[in-house]
Amino acid sequence: MAARVSRCFTITTRAYSSKVDKEVAFLGLGNMGGFMAANLVKKGFNVRGYDPSKEAQTAAAKDGVKGTSSIAAAVDGVDVVVSILPSNKVVLDAYLGKDGVVAHAPKGSLLIDSSTVDPNVPKQIFPVALDSGIGFIDAPVSGGVMGAQNATLAFMVGGRKEDFTRSLALLAAMGAKQFHCGDSGAGQVAKLSNNMLMGITGMATAECMNMGIKMGLDPKVLLDVLNNSSARSWSTEVYCPVPGLVPTAPSSRDYEKGFKNELMVKDLELASGMALGIRSPIPLGAVATQIYRVAQSRGYGEKDFSYIYQLLKEDKSKK
Amino acid sequence: MAARVSRCFTITTRAYSSKVDKEVAFLGLGNMGGFMAANLVKKGFNVRGYDPSKEAQTAAAKDGVKGTSSIAAAVDGVDVVVSILPSNKVVLDAYLGKDGVVAHAPKGSLLIDSSTVDPNVPKQIFPVALDSGIGFIDAPVSGGVMGAQNATLAFMVGGRKEDFTRSLALLAAMGAKQFHCGDSGAGQVAKLSNNMLMGITGMATAECMNMGIKMGLDPKVLLDVLNNSSARSWSTEVYCPVPGLVPTAPSSRDYEKGFKNELMVKDLELASGMALGIRSPIPLGAVATQIYRVAQSRGYGEKDFSYIYQLLKEDKSKK
Amino acid sequence: MAARVSRCFTITTRAYSSKVDKEVAFLGLGNMGGFMAANLVKKGFNVRGYDPSKEAQTAAAKDGVKGTSSIAAAVDGVDVVVSILPSNKVVLDAYLGKDGVVAHAPKGSLLIDSSTVDPNVPKQIFPVALDSGIGFIDAPVSGGVMGAQNATLAFMVGGRKEDFTRSLALLAAMGAKQFHCGDSGAGQVAKLSNNMLMGITGMATAECMNMGIKMGLDPKVLLDVLNNSSARSWSTEVYCPVPGLVPTAPSSRDYEKGFKNELMVKDLELASGMALGIRSPIPLGAVATQIYRVAQSRGYGEKDFSYIYQLLKEDKSKK
Amino acid sequence: MAARVSRCFTITTRAYSSKVDKEVAFLGLGNMGGFMAANLVKKGFNVRGYDPSKEAQTAAAKDGVKGTSSIAAAVDGVDVVVSILPSNKVVLDAYLGKDGVVAHAPKGSLLIDSSTVDPNVPKQIFPVALDSGIGFIDAPVSGGVMGAQNATLAFMVGGRKEDFTRSLALLAAMGAKQFHCGDSGAGQVAKLSNNMLMGITGMATAECMNMGIKMGLDPKVLLDVLNNSSARSWSTEVYCPVPGLVPTAPSSRDYEKGFKNELMVKDLELASGMALGIRSPIPLGAVATQIYRVAQSRGYGEKDFSYIYQLLKEDKSKK
């Protein structure tokens, strides 16, 4: 069993407003990071933020996140650093660069990276941080922008058990579930495995719903059957790609404010690269990666990934 | 919403032991049909059975199913005929052949075919039966041999509403859920849509679990994460393809007594043919069909379909 | 070895203007049939044509094809019937319908169907024709509209050897190559096998050319390497999907006047159905079918099938 | 047009036995390298060889290749270094390691790496070599072990034009064709594009031949049709995967002495990684990579890659 927060809280006496970890630096104040930093402020942490975008910093300032002029300035003297950044390269530069986190964070501090990256990225940062007497965990999230806003994110954590335990106060302020998945990098592996499986299942749901509807079934009846049978999944129950069947699903709001297709492609490409590296067969994952990529290249990168249903459904061929 | 039994019972006064439909002929006493016929006997129906295999008839006789020498003899004078047969051809012959059901069943009787076949099969039988004053519904099942044994099958029904309503007494004696999916053939469409989606999701689960485990994750931890995240499905929760994680899943009993790979291949081929006929795109369904087919051709047709995990995992290549 | 015309001519004394077969009915005067009928006229055959479209008949009349008012009128008293029609159903109706070819063609005549259809179609027509003392061969073509115009088509023939031999005079008037592929239906099998292989190889050429070009290679250099190495094929040498490299390829004339994507989809769907029926694994064929189908549904059915290169290349994603 | 040797010889006066480049170091004396080094000796070059395997060095010594005890010793004072090594890591270590080629080769020498690796590998080595006044080209080969033995290899070269020109004397001693594909890394890009296309076309040939044969066609007739139609390719003409049709193809000698499946997998994985890096869609390439990988994991890595035909054909399912 993954060490979930319910159990973990029984083994630690730290509360989420623990005095031990009060001063926090937050790196990356974008769609996700802005809400996450704001939630930390709400729960009583002192948060200094840094983002290369002035607009992002200004927006975060309204939520009580103090602006800083550099990574070095942000992490100076803090207890904990949290980051959520867009790519392998940005994360490596931010942590291991000359002016980066590891060079400037205090001894004894804890670094929490919530970016989704190749598992080799945390595996590179972790030992360097440790050499400087600093803890590092990879803690990618699932739950999307709404999860960030409502503090219902799930964190998948890789790193030392003691660092995971220490992080719980902060993670609980930003999300609802915390899993200790294993050693450094394990959080990324779990995240990528989950998202590849979600991506395939979502596309399969689109295929099979479209097929049944084209054969004349009432969409509601078909979904009801699937949800009560062996084909049910999060994609059929919560995230149905056919508009109007699940009112809270992105498909019911024109595929807006969901998990963007381009982010799904990013995660599938990271997962594909990971699978390639260990020569693990992913016949369906490989096809799904290609087809979501085609959707992005057609110009639908900003839509929720479940928009694939519209692409499968639409037919401009002459009949 | 599909008209599920809970609601349907409110609109009908028939109980499952209704006197109106008491005499039943059961055609096809194999792995599934044997248990289904026995459950009808248990619930008080008088059941005459027919199967070309003498052994099957002898075995059914022990459960109280009276043997007969032909389809004509079996259906003579009955209220209802139930059948579960192996292929399009066998069903068409059994119903529309010279010595078949439609020629010999009484006017006013109801025919229930629980075979999984191409939706065009019921669409051919339905109008012919109607012309003879006989009702016909397609009612394929999900739930497998154990569902048949424990009377927990789900029935997906296509045909007239009044025939569906009339069938409920019998279906409830053999299963736990009944869905009215639409007009004749709609039950088969729902069944094939469901099973293709289950097949893809199951294979995707095998791929992603295998990938995460090869990357070093503890299988239990990974499954726990998936089950609490957006990748959860019936395949992760109930039918996990990795042995030992879900004790009641076929993977935990050496992939025995499950839904055989060769039956999954049959259903995927029927669904692929259906999609081909209406030109509905099924990129993942097409690949999954091919790969389950490869598993069958390697000699694993008798194993549960989740055995695909072992095929993805196993590696005889020199390292 | 397939019995190609070179050898066949050595075993027959019929010339292509043989007096024995002089009177010809031609059914289907569309893009292909119009040119084929005109070529028969040029070589001295007397040709009566029938097409449900008056325009098609009028156009053919200018080339010397006498118009008729029905299939029955067209085939009355002829030596040979040639047809090229759009679908399984149209072919079956035209040949086996009450007012069809078999009912009205003279005893001793020869029927040549050049439509591309499911191999089961000729297998149904052949024995019925034979029972009426009429020969029947399936003779689908490759070479497209330009091959029809220039009489350079290749015919793939299924049926009796004597019927193949007899047909050579006519086939040679319309094309450049004739293969006797086997018994009734074998022509269709060869055609579908060829076109599925062409479709996969063409898409693969588009993928790999696009990849190399994106990596910075000069398109001409890359094509030159491929054409001199183990990746060479008809697709690289004659039909390169990248515009401007092979001046005579459809890609160099905006993908016009080629083998339309929608016809490729039709052939791939026939081949997929054939493979499904015999449970023959086609992992790449299945994926190619789906992706060409997506191109058609995007509205590119009228373009040459090598247009898939443009779809793979184009990228509207934000960078 | 790629600058092929015929034209290139017109722009250079160097002969293959030019005195300028006489002393050669050869690194990697395995299946390929052993024959290549021997061919250099035959053409009059003085060749010193190095391989970590003593057996390989001993075998090469019989062909006149002088053994050395280290890379440094091998490259000391030479005019040219040629290498053919198994992986990205081995190549990078051999060239850029402390005791590697670049550190020990003389100023003014030319380095030729014929390994198949990621294009980023030569792109890393090239500028470092240049800084030391040393030329470097990537020159992967196609043609396999027999091409190496018979000096009929094709070289795909990336790097400076002058280095390509200088290399021709040596390349011509080891092979039959030389292509200058572009700047550093371009040779690898061309090689990987070619091999992915060959891999897909080969598998497609296996699929379509198997399908046609299962439908009853005579294998010879089918191949003859394909070879005379739009589906022809190097795979149908030279490398037919069906045993007995092309006597010189590996399929006709039990799939031995060909291009091993495990090497095809290696090249497809490199190509897949390259495509992933530039986000180039490879729907068929991705599927082919997975399926050849499955063949390797089943234990057929040592067989020629066309063995995939046997896997598609074989059927152990109960009928």
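We call the chains A, B, C and D, going by the order they appear; numbering starts again at 1 in every chain.
The rule is simple: a residue touches a chain if its C-beta (ideal position, glycine included) is under 8 Å from a C-beta of that chain, and two chains touch if they have at least 3 such contacts.
Every value quoted in this text rests on a predicted model; they were computed, and no experiment measured them.
*Asks:* Note the shortest touch-path length, in steps, from subunit B to subunit C.
*Replies:* Counted as steps through touching chains, the separation is 1.
*Asks:* Looking at CA centres, what chain is most distant from subunit C?
*Replies:* Greatest centre separation from subunit C goes to chain A.
*Asks:* If you list every residue number at the subunit B and subunit D contact, are more than half found on both copies (same) or fewer than half (different)?
*Replies:* Counting shared over all numbers used gives more than one half: same.
*Asks:* Which integer distance in Å separates the CA centroid of subunit A from that of subunit D?
*Replies:* Subunit A and subunit D have C-alpha centres separated by 41 Å.
*Asks:* Would you kindly tell me how far, in whole Å, the mean C-alpha position of subunit C lies from that of subunit A?
*Replies:* Centre-to-centre distance between subunit A and subunit C: 52 Å.
*Asks:* Would you mind listing the residues of subunit D that make contact with two or more other chains?
*Replies:* 281-283, 287, 291, 294, 297
*Asks:* Could you list, by residue number, the parts of subunit D that touch subunit A in their complex?
*Replies:* Residue list for subunit D touching subunit A: 269, 272-273, 276, 279, 281-283, 286-287, 289-291, 293-294, 297.
*Asks:* Sort out for me which residues of subunit C touch subunit A in the complex.
*Replies:* 262, 287, 294, 296-299, 301-302, 311, 314-318
*Asks:* Could you list, by residue number, the parts of subunit C that touch subunit D in their complex?
*Replies:* 1-2, 4, 119, 142, 154, 156, 177, 179-183, 185-186, 189-190, 193-198, 200-201, 203-205, 207-212, 214-218, 220-222, 224-226, 228-236, 238-239, 271, 274-275, 278, 280-285, 287-288, 291, 312
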